[in-house]
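Each of the next two complexes has subunit A plus one more chain, namely subunit B in the first and subunit C in the second.
Showing the complex of A and B:
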C-alpha cells in the first residue's frame, strides 16, 4: 500500500492562501455595480416575444412534496382555463402555451423556477403559488424582473405588490365575514386553534382585535407545528373551555387528526361548531365526512354554488378530469385568475407588463363564484363571502353569503378596531 | 495520474483549471439566471467540502449540516434585513416583516446585526463555537456511528422547528426580500455577477483549506481515527479532539455557504435548513465520492444540477427520475463519481493482465 499523504508543511498552504486572497481581491475590484441609493439600474429587460402565433405563460405549482396534493388541483384548474381561452380563439388572437414548473413545496425552488420562467421561457405571466412562504419567496423575483404573478389562494393580507394579482380572498373577504356570521348567530366566546405559521397567527391577531371590539370572549389560543397530528391535549382543553364555537386555522394533515379527536371525545357541530378557513371540498374526504358533518367553513366559492357560470365550470372540470373530482375555492380562484389575465390583456391590447398593470383596474370576469373585479389600487379582486356547512355527501352548502361582492381591503384600513394591527406608513 | 494529482505541480494545475472554469468559462457561457443558479449550487458544494472532511476523512456521518448552514444564513439575513430597514427608515427602524407581524420594538438580539463587521464575525465564529461545544460533548463521551448520525439529524429537525416558532425570525416564511448586500443593490446584474465570483472564490478557498488539512499530519491522524479509533487512543492521542476539529471546520464551511446562499437566492426559511436539505447535502457527497477531495464538490454540483434539469424537463415526474439516478449511482459506483478514474484503471489493468503472468499485488 503506497503512502498516500505527502508530508507537505507550510509552503503550499501559504501559497494557496495568497492566491486565494488575490483572487478574492480581484473579484471585488472587478465589481462596479450600483450601490444603495443609486437610482436602481434597470432590471433585466423582459424577453417576452409576441411576434409569433403563441404566447407563453407559466404554471408554477408544487407537483412534489407536501403541498402537491393541494397544488396539483390548482394546476388542473389553470390548464382548464387556458384550454377554454384557446378554444375560444386565444388572447389577442394568440394561442396560450403553458410552461409548467414544479415548485416542489419549497420556497427557494419557487423563487428559482419563477426566475427561470421569466428569464429563460420569457412568459407573459405566471400563475401559481399556494403557501405564503412561496409567495414571499417569489415576490422579489417578480419585482426585480418586472413580471406578473397571479396568486390564487386566500391569504393573510397586509401585502400589495404591483407585480402580483391576488385572486384569492384577503382577510376582510373571509375571516371577518366568518366572524360576523358567528356573532350574528349569537356566539359570545371563541376558542382558537391553528397551525404555527404566519396565516393562523395573523388571522388570530385579527380575531382577537375583532373580539375585543365586539364583546366576544377568547377562551384559548393554541398553536401546533405544521403537520402535527397530536391533538388529545388541545381537544381536551377545547372541551373543558366550553366555548360557543371554535375558530380553526389548522392546515393540511393536522385537520384530519383534529377532527377525528374532536368527534372521538363526543363533541359535535351542534354543541360547539368549528369554523374552518382551510377546509374545502378536497379536504373533507381525507378527514372523513362522519367526523366533520355539520361543521362550518368560510370561503368564497363552493362546488354547490348555484350559477350558470359555476354549472359550466363544474361540468367542464369533471369532463376533463373525471366525475369523481371536486372543485374547490383555490381552484376556482386560479381558474378566474387566468381569465382575468386574458381579459386584462384584451383590454390593454398588449402583453407588456406596464400596459397590463395600467389596464387592470376595473377588469371583471363572470366567474363561478359571481362577478369578480380587479381593484386597481391594491391588485386584489372583489369577492363574495360565503359560509358553508359540510353535508353528508362531502360537499359544502352555502348557509350565508354577503350581499354582493366585498371590496378587497388587504390592510384593513376600513375597520377602526383593526387600526392597531398594522403599521401604516 | 493520481501521483500527478498529488504532486505540487498537479495541485497547482488543478486549481488553475478550476479557476479557469469558474471565473472564465462559466460567466462566459451561462446566462445571468443560470449563473445565479450555479452560484446557488456552489453554496451546496461548499457545504459538501466540509462533509467530505468530517464524514469522508473523519468517519462522522453529519446528517445535520443544515443547522450550521442555517445559522450562517440567518445571521447574514438578519444583517441584510437590518441594513435594508436602516436604509428605508433611518437607524433603529424595524425590518418590514416585523411590522407586518405586529412587532413594533426591535428585539434586543437583532440590534448588533446592524454592524457588518459583527455579522461577518458572528458567521465565522458562532457556528464554529457551537460545533466545538457540541463536538466536545458528543465525542468525549465516545458517541459515534449511527448514534452520532441520529443525534445530528435530530438536531436539524429541532433547529427547523425552533425557527418556525420564532416570529421575530420570520417564522415559517423565513426571511426574504433583501435589497442590499453590504451597500450594493442586489438586483443589479453586475452585482449579481460579483456575488457569483465571491461564491466561486469561497469554494476555491474552502477546497484549499481542506486540501491542506488532508495533507497535514492532522489529516493522517483523522483518517487513522476513522479507521481505528481505539488504536489511535492507545498511541496516546485524544481521538475526540481530532474529531472535534474536523466537525468544527465542516460547520464553519456550512456557515459560510449559508451566508453566501442568502444574497444569492434571496430567501432563507426553515424549509432550507431542516432534515431534508441536510440529507440532500449528504447525498451529494455520497454520490460524488466522500473520501476524495473533489468528489464532494462534483457530487453536490451534479445532484443540484440534475435536480434542476430533471424538474425542468419532467415537472411532474422528475422525483422518480432522480430517485432512480441515486439508486443507479450507489449500486454501480459505491465509491461515487470520483471513483470512475480508479475503476477505469482497474478495468484496464485486469484486461492487460488477462494472461495471469505478472498480476501486481
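Showing the complex of A and C:
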C-alpha cells in the first residue's frame, strides 16, 4: 500500500497552508510593485546605429497581467502610427523597426525591459508604459542611460523629466477642467472614490485643494485596493452621503464592479452623476452600457471627435484591427507620440537624444484630438480638454470642450490654491 | 436603521460571494489537501461560460439558468483533466503541486486572453435581477440576493451529496482514512478524481454567478483566489461547516471595518485578524478528527 500524502495530521497541513499563504503574499507584494532601476552605473554611451536603412524603436507595453486589458490597445496604436510613417517614407529616409517587449504589468519588469531595449536593442526611443508605478520605475533607467521614453497616458502631474515626453494629459488638462465643468453645472458637493495607488491619491489631493478654494464640499473619500471588486459598502456610503456628484479615479476591473453595484442600488446619472477619469471606450463594453449610460468622463479625445485627422485615424485603425474595435484617449496619445517623435527627429535632422531634446520645443502634430504642441520647458504637450457623456451605443460624445488646446502645467504653478501641493515620490 | 442593516447585509452578501468562491476549494484543498492555484482560473472559465452562453442564447435570464449547470460541467471537466494530467502524478509532492498549478493558472489566463481578448467582456444582467429591493431602509441589489440564495443552495447540495450518497460516503471515507478506505475496496484514485470534479465544477458555478456583480476578464479569477484560500484555512481544513462560518465572518468583518475606515484599510484589518486568529488556533475554526495515522 503506497503511503499517500494526507493533510489531516496537523503539522503537514499547517506547513502547507503557510507555504500557500507565503506564495500568495509574495504574489501580492510583487503586484503592488516596487521601485526598480536604482542604477548607479555611469551613463552609458548610446549604441544606436543609424548607418543602415532602418532605425529601431521600442514598444514597451504590458501584454500580460492585469494591465494587459488596457495596454495592448496602446501597442496597437503605436504599430499603426509606425506603419503610417513607414508607408510615407520613414523618418529621415529610414524605415522604423519596432522591438516589442512585454512589461507584464510589473514596474520592475518595465525597468528591466527598458534597460534591455536601450542597451541591447539600441533603440532610438521607447514608446509605452501606463501606470504611474511603471513610469516611475522606468524614469531612472531612461535618465541614467540618457535615452527617451514617450509616455502616452493621462497621469497625476508633478513630474517633468528631460528624458520623458508626456503625451497624455497632466492634471490641468483633465482633472481641473472636469472640476470646472462640474462646478459650472452647479455641483456643490463631491464624493471621491479611487483605487489605492499614486494616481488617485494625488488626483484627490488636487481635488481637495480645488474644492477648498472653490467652496465645494467633499462628503467622503474612499479607496479600494487595485483590482478590488467588492463595492457594496462604498456604494451604500455614497448613496447615504447624497453628494451632487461622484469623482471616480478607480482603475481597471474595479470599474466594472463599481458601476454594476451603483446602477443596481438604483443610482442613476440624473440623481448623482459619476465623473470618471479612467473610463474610455474600451472599458464601457466590459462594464455594460446599461450600467453606465449617461455618466461622464474627462479626456482629451473620444472616438466621436469630429475632425478630418480623427476620421482618418479611426478608419485606418478599424481597417487594421477590425470594425468592432474602438479608439480611445491613451491610444490616440500613443499614436500622437510616435508622430511627434518622428516630426522632432525630422526637425532635428538627427536621432541623437540631445538633438531630439533640443529640437522638441514647439514641434506640433495635427492629431485626431486637434493640434498638439510639445512644450520645450516641461516635455508635456498642449491638449484640448473634453468632457464626454456615455451614450447607449457605448461611445462617448463631447458635451463640453475647452477653447483650444490648454498649455500643460504639470506642477500647477498657475493655480494659487495648488501652492501647498508637494511633489510625491 | 441602515447603519446596522447595511453592514450586516453587506457582510452576508460578501460572505456568500467568498463562500461560493471557496466552496470548491474547501473540497479540493480542504478534503484532498491539493493546493490548486488554478482554482481562480476555473472561476474565470465559469465567467466566460456565462458570456458564451449569453452570446448563443441571447436572453439574459434564460442563459443564466442554462449557464449555471453548464459552468459546473466546464469547470468540472477542466478539473478532471488537470487532475488526470498533472495533480495525480504529484500527490506526494504538495509544493510541486502548488507551483505546477500556479503555472497552469497563468497558462489558462493567457489562453483566455488569446481567445477573448484582453479587455473585459460584458455579461448582461437579466432584467429580473436588475435594481434593488428595499429591506429595512437599505437598498439591496437583487443580484446579491440571488448570489446569497445560490450560495445556500450550493452548500446544502454539497452537504447532502457528502452525507447521503454512496459517492459522498466514499469521499468521507477516503478523507477519514485513506488506507483503511482502500482496504475496504474503495478506489481512492477514482474518489480523488470525483472530488476534484465536484470542487472544480463549483468554481465554474461561482464564476457564472459572479458575472452578475464583477467583471469578466482573463484576470477575474485572481481577485477571488487569495480570499478563497483564507476562508478555507481560517475555517479549518476539511470542513464545509468551517468554510461557511469563516466566509460569513470574514465578510462581516470586512464590512464593519470598511464602514469605519476605507476599503484598503479594511483589507489590512481582516488580514491582521486572520493572522492573529491562526496564531491562536492554527487548525482553524473547526477541526476534523480522523483516525488516520501520521
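Rule of thumb we're sticking to: the second predicted complex is superposed on the first by the 380 of 425 C-alpha atoms of A that agree within 3 Å, B and C clash if a C-alpha of one lies under 4 Å from a C-alpha of the other, contacts with A are read in each partner's own complex, and residues count from 1 in each chain.
In the analysis below, a residue touches a chain if its C-beta (ideal position, glycine included) is under 8 Å from a C-beta of that chain, and two chains touch if they have at least 3 such contacts.
This structure is a prediction, so every number in the text was calculated from the model and none was measured.
In the superposed model, A:141 makes contact with subunit B only, not with subunit C.
In the superposed model, A:285 lies in contact with subunit C only, and not with subunit B. Once the two complexes are overlaid on the shared chain, A:120 sits against subunit B while remaining clear of subunit C.
Once chain A of one complex is fitted onto chain A of the other, the partner contacts of A:102 are limited to subunit B, with no touch recorded for subunit C.
When the two structures are aligned on the shared chain, A:158 is found in touch with subunit B, with no touch to subunit C. Once the two complexes are laid over each other on the shared chain, residue contacts for A:54 go to neither subunit B nor subunit C. Look at A:64: by the touch rule set out above, it reaches both subunit B and subunit C. When the shared chain is aligned, no partner comes close enough to touch A:271: not subunit B, not subunit C. Of the two partner chains placed by the overlay, neither subunit B nor subunit C lies in contact with A:311. Residue overlap on subunit A between its contacts with subunit B in one complex and with subunit C in the other: 4-9, 12-13, 16-17, 19-20, 23-24, 28, 64, 72, 196, 225. Subunit B meets subunit A in the complex at residues 6-8, 11, 15, 19, 23, 31-34, 36-37, 40, 83, 87, 99-102, 104, 161, 164-165, 167, 171-174, 176-180, 183-185, 187-194, 197-198, 200-201, 204-205, 208, 211-212, 214-217, 219-220, 265-267, 269, 271-272, 308, 311-312, 315-316, 318-319. Interface of subunit C with subunit A (complex): residues 2, 6-7, 9-10, 13-14, 17, 32-33, 35, 37, 91-95, 98, 102, 109-110, 113, 118-125, 130-132, 138-144, 175, 178-179, 182-183, 188, 212-220, 222-223, 225-226, 229, 233, 237-238, 254-255, 258-259, 262-264, 267, 282-283, 288, 290, 292-294.
Residues 1, 3-10, 12-14, 16-17, 19-21, 23-24, 28, 64-66, 68-70, 72-73, 196, 221-225, 227-230, 232-234, 236-237, 239-240, 253, 256-257, 260-261, 263-266, 282-283, 285-291 of subunit A are the ones that touch subunit C when the two sit in their complex. By the touch criterion stated above, subunit A contacts subunit B in their complex at residues 4-9, 12-13, 16-17, 19-20, 23-24, 27-28, 30-38, 40-41, 43-44, 63-64, 72, 100-102, 104-109, 111-113, 115-116, 119-120, 132-133, 136-137, 139-141, 144, 158-159, 196-198, 201-202, 205, 225-226, 421-423.
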